[in-house]
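Chain nomenclature is as follows: A, B, C, D, E and F, assigned in order of appearance, with residue numbering initiated at 1 for each chain independently.
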Amino acid sequence: MDVEQKIQKSRTKIFKAVFPNTTNHYNTLFGGTAMQLMDETAFITATRFSRQQMVTVSSDKIDFKKPIPAGTIVELDGYVTYVGNTSLKVRVDIFVEEMYTDFREKAVSGEFTFVAIGENNKPVKIL
Amino acid sequence: MDVEQKIQKSRTKIFKAVFPNTTNHYNTLFGGTAMQLMDETAFITATRFSRQQMVTVSSDKIDFKKPIPAGTIVELDGYVTYVGNTSLKVRVDIFVEEMYTDFREKAVSGEFTFVAIGENNKPVKIL
Amino acid sequence: MDVEQKIQKSRTKIFKAVFPNTTNHYNTLFGGTAMQLMDETAFITATRFSRQQMVTVSSDKIDFKKPIPAGTIVELDGYVTYVGNTSLKVRVDIFVEEMYTDFREKAVSGEFTFVAIGENNKPVKIL
Amino acid sequence: MDVEQKIQKSRTKIFKAVFPNTTNHYNTLFGGTAMQLMDETAFITATRFSRQQMVTVSSDKIDFKKPIPAGTIVELDGYVTYVGNTSLKVRVDIFVEEMYTDFREKAVSGEFTFVAIGENNKPVKIL
Amino acid sequence: MDVEQKIQKSRTKIFKAVFPNTTNHYNTLFGGTAMQLMDETAFITATRFSRQQMVTVSSDKIDFKKPIPAGTIVELDGYVTYVGNTSLKVRVDIFVEEMYTDFREKAVSGEFTFVAIGENNKPVKIL
Amino acid sequence: MDVEQKIQKSRTKIFKAVFPNTTNHYNTLFGGTAMQLMDETAFITATRFSRQQMVTVSSDKIDFKKPIPAGTIVELDGYVTYVGNTSLKVRVDIFVEEMYTDFREKAVSGEFTFVAIGENNKPVKIL
């Protein structure tokens, strides 16, 4: 299987309903909750790509372009964008969908870098 | 858009890493946590199909065929299987993937019935 | 102690206040949260009956007859209804009580099947 | 219904399995988690006794006599011990049961004081 | 380092925003959630003072003098008040701050007793 | 009060014990959980500085320099680093402390940008 096929196969999507218990007192999703969901999506994508132990080493600039209101549905979409020797990058987009219309738009986007680790937590080659 | 297209478009997938904080003392995912994830997947599928207010009215028999161990990844896959006058059915399958191999198998499957509700919580026609 | 006494002794009740942080945007308890609470009640009942390692193998049809609004109290009531060779069944009823009146009614009911497991996760005889 | 009958009727029991996700790094239930469960039990007991809006005003000394290890079951048992003009007291005992034996003992005990409040959060007479 | 310096160095502060998902249906912080936060603050203070394994053995009377409304910020402030042979006491005050004014007042105060434990969970001398 | 005094006064510290229920299967704190805690710290700092409604608009590059193992204590330290017309920046450092030694080091650092919003969610001047 070549890299392009592995990227397709490891693409990872997560839907989530934005209920009041994950929103702040402005009634929109917490920035920190969005970041946590993005890191989880990126981690699963990286692991499914490499089938190796992966750890987050950094996140690049994350722009919260649109607020995500309670009573919507979000889809997180993670896909590998770069494969290096011991590290790889995963982009995660968050799309927001209204529940009772077909309206949908991109709300947040960010990129995460992971390193493959082996024995003694040392970086190892991505296979 | 015909029903077949709406079923395709509303198909809803959710990946999740099974970390120790969602497992019981046998180190496998709680049955109740699996049920909660299935209901959430089914709810999002039903809402994205109908774009109406949907409530769970029942779940059919759910078989936990395989235990889901900590340190795996699950994919929940929800899709509409029946559309009636005021109700619809959503099947949800849970697949378990090992993190560090390509092994993957179906672990749990169940079906949920939803009713569309309108003003005063009365059932209304699914459009 | 005979089976009838063990059933009495293992009957397991759980009260819970339905606060806004466990309700959806219709302001009623999530179906999935109700299922999770029922599975936990059933698991404790099965374990207290057998004093063996028990795992959920299936849930039968669960009817959500009445919505459970925020600002109410629920009581889950679990009791063994069948004891086989390696498996047993537990019924769980959910009653909803209004906080500021004596009104109380049954809202949900379901049955769960458990298997006793021993070494190597093999089914063993229920004692 | 006299006070003694109301005390019987409002007695509130909650079973809970102590899974690893509620325990600290000594593998026993957090003191703070025990206190939160006790307050919830006491609140439900007080509300079911008075059917009025009740708020916690204080907790008396709470002794953690026995550690509560992961892999056990606890039963919280709340009952009204004193009824004043605008306040009442609820005692909550926590019993710990081993899962795979009949061993059971009292582990923690504490008392909570509640006040009934009406319009504008002012104390009102307990009926 | 003498005791006074260790008390200063181990003083432990925790800020927290009171969002709707931690409040009850009166829209104020649960008593039990406040107790859990206080125990966590006290545990960290005791551990940072002694650098030994510490377990909560009791809490003294806790007065909830002021309700803590949603949409405020709380600061928990923990400091050692007594050091004995094998036990120590930590006082925890909760201050509530309004978000959009400079108003701030003490809302809750309580004291927790910890014991240092060594091998086999036996009490050991605090160093 | 000048800007320098407001920066001092709004500096916001949060201690947290890293218990097993917030760690992944490598037994270290999730990257996403660290990001959520950092955003919460930054939000409280920004609000306490401005006493206005603040929303996260972006996070800059976050480096996870050191893993944060279970069984440690972290201190988050947030402080305003830049004040513009309608936006401000907050840096958050995470220090990790071992529980049973005095060892302490910086593990993670990141910067968050907030905008003050008024009526209709429009940006307003920071006072």
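Following the convention adopted for this analysis, a residue touches a chain if its C-beta (ideal position, glycine included) is under 8 Å from a C-beta of that chain, and two chains touch if they have at least 3 such contacts.
This one's a predicted model, so the numbers in the text were calculated from it and none came from an experiment.
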Revision key, fill the gap. Those chains that touch subunit D and also touch subunit A are B, C, E, F
Practice item. Would you kindly give the rotation angle relating subunit A to subunit E, two copies of one sequence, based on a CA superposition and rounded to a multiple of 5 degrees? Key: 120
Point to revise | Most distant chain from subunit C by Cα centroid | key: F
Exercise for review: Identify, among C-D, A-B or A-E, the interface equivalent of C-E, where equivalent means over half of the contact pairs coincide by residue number.
Suggested key: A-E
Check your understanding: When subunit B touches subunit D, do the two copies use mostly the same residue numbers, with over half shared, or different ones?
Key -> different
Study note, to complete from the structure: Averaging C-alpha coordinates per chain, one finds the centres of subunit E and subunit F separated by a number of Å equal to 21
Practice item. Indicate the whole-number Å distance between the mean C-alpha point of subunit B and the mean C-alpha point of subunit F. Key: 36
**Study point:** Interface hub residues of subunit E, defined as touching at least two other chains
**Key:** 17, 20-21, 40, 43, 53
Review point. Hey, how would you classify the chain contact layout here, line, ring, star, complete or other?
Key: other
**Study point:** Pairs of chains in contact (touch as defined earlier), listed by label
**Key:** A-B, A-C, A-E, A-F, B-C, B-D, B-F, C-D, C-E, D-E, D-F, E-F
Revision key, fill the gap. Contacts from subunit F onto subunit B in the complex sit at residues 20-25
Point to revise | For the subunit E and subunit A complex, residues of the former touching the latter | key: 17, 19-21, 70-71
Check your understanding: Inside the complex, what are the residues of subunit D that reach subunit C?
Key -> 12-17, 40-41, 43-44, 47-48, 51-53, 73, 97, 99-102
Check your understanding: What does subunit B use to touch subunit C in their complex?
Key -> 26, 28, 30-33, 35-40, 43, 53, 55-64, 67, 112, 121
